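Only one structure is covered here, and it is reproduced in the block below.
Every chain is named by a letter (A, B, C, D, E and F) in the order it is written, and numbering of its residues begins at 1.
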C-alpha cells in the first residue's frame, strides 16, 4: 500500500481547520511578526519506528507552501531517542501554528508502527505474520493500516467490501456455519477471498470441506490451535485471534498458525513521543 | 460541553462510508436475507467508564433509520464487565454492517473516559483537577474532549483560537518571556485568557508581574512545583505538566497545583473492550 | 452487493442541485401553484430490465419528503413497454422538478441492466458468467455495478484496491510476467485474490506455476481460448476479455471459459426509455 | 462554454478516490518500484472526435503533479484509429494508477462528441442545428454539454434554472397551454427565454399569439413539421424532438425546422475506444 | 423562484457549525439543564418586510428536530415594530444555541426585502420594475435574490451562466460594441437572452441594428435616458443603472425605462432588527 | 487574527462556482479569445479603508493560476477615491470572469472596515475601544471579524464556544442572574472568560460579588452607564451595547466604559464602491 497525498491531504487540511478554528493561532499571531523566519527540528523524544512523516510534513506545507520540510527519517525506519526526524524552515508563524497537527499525526502513526514492531519482533523466527484488524480510529484507517505495514505487520481487510469474513454473528443468524458459508459461495465474486471464524474443531472440518481461503481461530488455547493447524494441514491459511499481546504472542506463534490478528496495535497503541524544537535565532542566548 | 448530532453525525457517516466502501458488506449481504430482523446487545467486556454511546447509536440509525437503539448506560456512568450498554433491534443486515463502526467509536471514547477516570481517582482529595491537552486524534477532538469530561476531567483549550498559551518556542522567537507576554497583552481581546509556560522561578516572577491568568509549570520536580505554588500565592491558576501518569500524579497533585495537564489520556488511552452480541433467533440452537 | 441510501442519496442530492441551479425550476414555479397536488406514473416506454428504482424514488423524496413513491417493479425485474414502474403522489411542484433527475438515474441504470441481460441470455446454458469491468462512469461505479448484478451479471473488482490484476503494462515495466507475479506474491496480503492477464500459452504456463487465482485471457481467438482452458485445467478461474458483444459472446462462452469480461455493458449501454406521465387532474380533459 | 479546472478537477479527484479506495492500487504498488519512471501514449483505438483530453490529463496531474502530460489532439479534433492523443511521462506508479480514470473520462466524452458529430454530419446542408437535452449523466452535465459542443452540436438549457420550457405535464396541470404560457409571461424575468412544447397546430397558433421564443414540436411527422414551420413563419425558433437518430435526422432536418433536439447523443452514446500504451523501457523486449 | 430546503439547509448547517465551533455553546450548556423546555417568540423590533422566515426556522430544527417552529408571518408580508414573526418551543438549550444563527439569516434577508420595498414604492405608478444585480454576498445569492422578490423586486441574472450581458470591459477587449455583439450572436444558444450595456446613443443605434433583447443604459442623465427610450421605441427592453437610490429613483423611473437596476438593495441593505424573546417560565417573576 | 488561505480559499472557490454555474461565463467566452491577455486595475471609486484585498486576489488566482495580482494597498490602509488597490494581468477571459466575485469580497469587507473606522474615529481620545458582535453574515464570520480589525476595531467572541456571555434569556431560564453566574462558575474551564449582561445596578452588584471578567451594560442611558462604571470601579471590564452609531458613540464613550459593542459595523455596513478597469489594449482607441 501507498499513501497518496490525494488521500491524506484532505484529512490533514481538516485537522488544521479543527485546530485553527475561526480566529486562528491567537498566541503566535500576537507574538511572532509576519516576517520572522525560523528553523525547527522534529525530534523523537523516545526510541521507536517512524510512520507518517510525509503526512506530518504536509501539515506544514498545506498551511504555508513556503515552509520547506526536509525529511531525514523515512517511514519504516527506527530511531533512537533524540533523533531528528525532519527539519522545517520558513515563516515562523505558520511553522508554530502547524506544529501540533503535524506532531499529532506523526506521534499517533509512529506509535502504531512502534507497537506493531514490538509484536513482530516477539514472534520473529516463528514464521507467523502479524496482521491488523478493522478496529481502527474512525476516518484514519488508510493511515493506520499504512503504519502497521511500516511496523512490519501485514494488512487484513481494509473494509467490509474487499473480502468476506464470516463471524459468529453471521453464523447465528444463518443458523449454522455450513449454511453461512454455502450462501457466501454462491453470492461472492471470483475476485473475493473468503475467511471463516471457527470456534471448534467440528466447525473447522465443516468449513474446510466447503472450501475457504482462510480460517480464523478465535480465542483458542495453544493446544487447540496446534490441533487446528494440524487439522487444516495446508488446506487454508490459519489465523489466530483473541487478546494477543507481546507476552502471549510467542506461544501462539509457536503453534504453527500462519497469522496473528492483533487489534491492539491499532486501537490501543500509545503515541510515540515526538516534539518540535525551534532553533534559537542567531544572537539569542 | 455538549455533543451535537450536527457535529458527530457527519463524522459517523464518513466512518460508515470508510468501512463500507463501494461494494458494501459482502459477507452480511451474502448470508443475511433482506427481511431478517435481529436483536443485539452492546456489551462491555471489561469494566470501565462509558462515553460515546449516543455516537455509537447514531452509526446504527444512520445506516438504517429502522434500527431502534435503546441506551441503558449513558455517558459518564461506570460499568462492570459483562454489562449491557445498549440494545439494538431491527433489520439484521444493517445491524451487522454498522457494528464495527459503532464499536470503534464506543471503545475509543470509553477508553479515554476510563483512562481519565483513573487519573482523576488517583488525585482525589488533593483539590487538583485533571485537564486534557490538544494532543488529540486528528478530527476527533470534540468527541475526545467530551470523553475526558465524562471521565471526570476538565477541558483545556479546544484549539489555537480560544485562548492564549505562550510556550517555549514562542519565548525563543520573541527573545524573552517578558517580550512575549507583553505582545500578547497588547494584541489579545478582552474575552481571551492568557496562560504562560514557565520553566524557572525567575520567569515565574516576571510573568506574574505582567499579569497572566494561568501559569504552566512544565517538567518541574515536586519541590520546584511546591515553591512555584507558594510564589504564585493565588495570583494565577497553576498548572503542572510533563509526563504525568497515574503513579506520578498523586505526588504532583500534593504540591498544591490547581491543575494537572495530561496528554496521555487522549493520545495513549487503550480502548475499552466492547462487543456486539446478537441474540440467537428463536428456535435456533 | 446492496445499495445503501447513505451512498446514493449524496449522489442524488448533488444531481438535484446540478439541475436546479440557483434559480430553481423557473417553469414549474411559474405555472404550478404551491398547493397543487398531483399523481404521476413512472412508465417504461420500452421493454427492459429495471435497476435503480429506489435511487430514482429518492430524488423525489429528497426534494420534498411529502412526495410518496410507491414502487411496483423492484430492481432485477423485467418489464414490457408501457409498464408502470412506480407511482408518485404529492406536491405537484416538487414532483415535476425532480422528474428529470429521477428518470436520468432510472434510465441509465436500467439501460445497463437491460444490456447486461442481453449478454447473459446470449450465453445461457454455457456455464459462463458475464462480469463487468472498471470501465464505468466516473463517480457512479457503485450504482452501475449494482445494475450489472440486476441484469444477471457478476461484479469484477470495484476498484484498484480490492484485488490484484496484473496487466500488460505492469508486465512491461516489471520486465516479464514471472517477475511481476513474483513481486505480487510477496507484497499482497492473505485476503487478496490475484488475477493475471496472459496473451500467450507460454505466459499461461509460467503464471500457473507461480500460483494465481484467475487468468485473464485477453483478445484470444476461440481456438486459443479452448487451448488455454485445457491448459489451465481447473488450476485457476479463466476469464476471457476483448470486444465481447452479444453476437460474439456465445462462441466465446462455448470455449469453456468461466467468465466473460464485458466493458461494453457499463461504458456503452444505451439508456432504457422511461418517462413520467402526470395523471390528468379530475375534471380536466 | 469553457470547462474550468475549478469545475472538473473536483469531479476528477472524486473519481480517483473512487478507484483507489483505502488501499490504493495493490497491483502497481506491488510490482512497480517507487523510483521507476515511464512514458506512455494515450491512443485512440478507433476513429472519432476527441473531447475531454484536458479532463483526462488532470487525472494524471492530480494523482502526481510530477506527471507531465503533453496533449497532441485538442478537444474538437478528429482522429484516426491508432492516433496518439497525448503523451504522459513521469513516475510509473502514478501513471498506471491514474490510467483507468483518465481513460474513462476521455472515452466517455469523446464518445459523446463522436456520436454528436455523426448526427451533425447527417444533417449538414439543411441549415438545422443539433441540440442536446437535460438527459445527461448525473453530475457530469457540464462535461457532457461541452462534449456536445466539441461534436458540433449546440447546447440547450443547462438546467431548470436558465430558461423556461413548458412541457405537456405543465400544460396538464395548468389546465391548458394558454393558461400555462400566460402564467409564465407574468412570472419570468426579462433575461429568460421561453420555449413551449406543442403537439398540435391549434396549440401552435395559441402560443404564437401569446409570444414565445421557441416552439418545441414533439413527435410530429415530417408532414406535420413542415406545416408547423410554415405556420410559425419566422415568429419563433422551431425545434423538433422525439426519437431523432442518424437515419431519421435528414428527413426531419429537411422540413425546415431550426433545431433538432437529440437526447440520444448524451444518454446513449457508446464510448470511444481509447487506451494507454506504456513504452517499453530501454533494453527491454 | 422558490427556495428549496435542499439548497438552504446546507448553508444553515454550516452557519450553525460556524457559531458552535468544537466546544459548543459554553454559556447555555452551563446554565440550562438538559431537560428544560422553553417557548420563545421571534419579534421584529422595527417595521419592515419579512424574508427568510423558513430559513431561520430551519436553524432551530436542524440543531434539534424536537424544536417546533410556528410561522405567523410568511415571506413577503409587512410587519409593524413589535410583531411576532414566529414562535419556537421545545428544548431550551437548542432554542438558545440556534438563536443567533436564525436571527442573522432573518435580519439579513428581511433587511434586503425591506430595502427593496422602499425603492419599489418610490417608483410605484411609473410602470418601471426594480431589478437586482450580481452584487450579492458571496455564497448567499439564491437567498438574497429570493429576498429581493419578497420585497417586490425582480431578479436579473443569477450568474454568468444564464444570460449574456455585454459590458464596457468586453467592448474594450473586442475593440468595439459591434464586434462584441456580433461574436455573441454567433456563439450563444437559442435559449439565451442578450443584454448590452450602452453609454451613448450612437452605440444604441448600433446594437439595436444587431438585434438584442435588452439594453443597459449605464449612468445616463434623465434627459439621455428619455432620448434613449424614444430611440429604442419598443425594439428592446430598457434598463437603467448607476447609483439608483430611493431619492433618485422616481425621476429615473419617469423617463419611461422598463427596469431600474439597483445593486444597493443587496450589497448595502441594513439589517432588519429582529430578536428572540424567551417567555418567562411559569412561576418565575 | 490572521486570515489563512486554508480558510478563505474554500469560501472563494465556492463563490466562483456560485457565479459560474454549469455553463460558465457565456458573455466573456463568446467575445474574448482564449489567447487574449489583458491588464486591469482594481480601483476604489470612493474613499475608505481597505480589507480583503488578498481574498479578492485569490479569486483571480483560483480561477486561473496564470493571473498575476500585484497588491498596492494592503488591508488596513486608507484610500482616496480613484486609488488603484491592485493590478491584475494575464488571460483576459479568467480576468473578466473572476471580476464580480473578487469585487464582491473586496467591497463587502472594505465596507465593514470603513464603517468600523468611522465609529473608531468618532470615539478617538475617549480610551474606549470598538468591538464587534456575532451579528455577522452567515459563513463569512472569520473574514468579517478580520475586516473589523482592519478598521481599527477589536473582536469580541468568534462563536458560542470561545467565551461565556450570560444574557437576559439565560437569566430568565435560570431564574435569576446569581443562579446563572453560579452555574457558569462551576461548569466552565480555567481558560474561559465570563461576561454577564446586566440591566440594573442591583444586578451589577450581584455579579461583581460573584466574580466575572466583563460586564455588558445593555441599553443603559449615559447617566446609568456613568454610574455603572463608577460602581464597577475597575473590578471588571465594562462594555456598553445597544444601538450604538457614530452620532451616539461619543457620548457613550465619554461615560468611561472600556468597550463599545456595535453590531451595526458587521450587519449593516454599506459596501465600499470598488470596480475593475481594464486597460485599453495597445492601438485601440
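In the analysis below, a contact is a pair of C-beta atoms (placed from the backbone, for glycine too) under 8 Å apart; a residue touches a chain by one contact, two chains touch by 3 or more.
Just so we're clear, the structure is a prediction, and the values are computed from it rather than from any experiment.
Chains that touch both subunit B and subunit C are the following: A, D, E, F. Any chain that touches subunit D and also touches subunit F is listed here: A, B, C, E. Shared numbers divided by all numbers used gives the overlap of an interface; between subunit B and subunit E this overlap falls below half, so the copies present different residues. When the CA atoms of subunit B are superposed on subunit D, the rotation angle comes to 180 degrees (nearest 5).
Across the two interfaces under comparison, A-F and E-F, the one joined by more C-beta contacts turns out to be E-F.
In this assembly, the C-alpha centroid of subunit A lies 34 Å from the C-alpha centroid of subunit C.
Averaging C-alpha coordinates per chain places the centre of subunit A 44 Å away from that of subunit D.
The distance from the centre of subunit C to the centre of subunit F, with each centre set as the mean of the Cα atoms, comes to 51 Å.
Touching of two or more other chains is recorded for residues 18, 20-26, 29, 141, 155, 158-159, 161-163, 192 of subunit F. Taken chain by chain, the contacts link every pair, so each chain touches all the others. Of all the residues in subunit F, the ones that touch subunit D in their complex are 13, 16-17, 20-26, 29, 62-63, 93. Interface residues of subunit A facing subunit D in the complex, by the touch rule stated above, are 1-4, 6-7, 141-142, 145, 155, 158-159, 161-162. Chain contact summary for the complex, subunit F toward subunit E: residues 11-12, 14-15, 18-32, 36, 38, 40, 92, 96-97, 99-101, 103-105, 107-108, 111, 134-141, 158-167, 169-170, 172-175, 180, 183-184, 186-188, 192, 264, 267-268, 270-271, 276-278, 280-281, 284.
The touching residues of subunit F, when paired with subunit C in their complex, are 18, 21-22.
Listed in rising order, the residues of subunit C touching subunit A in the complex are 131, 154-158, 161-163, 189-193, 195, 213-214, 237, 239, 258-259.
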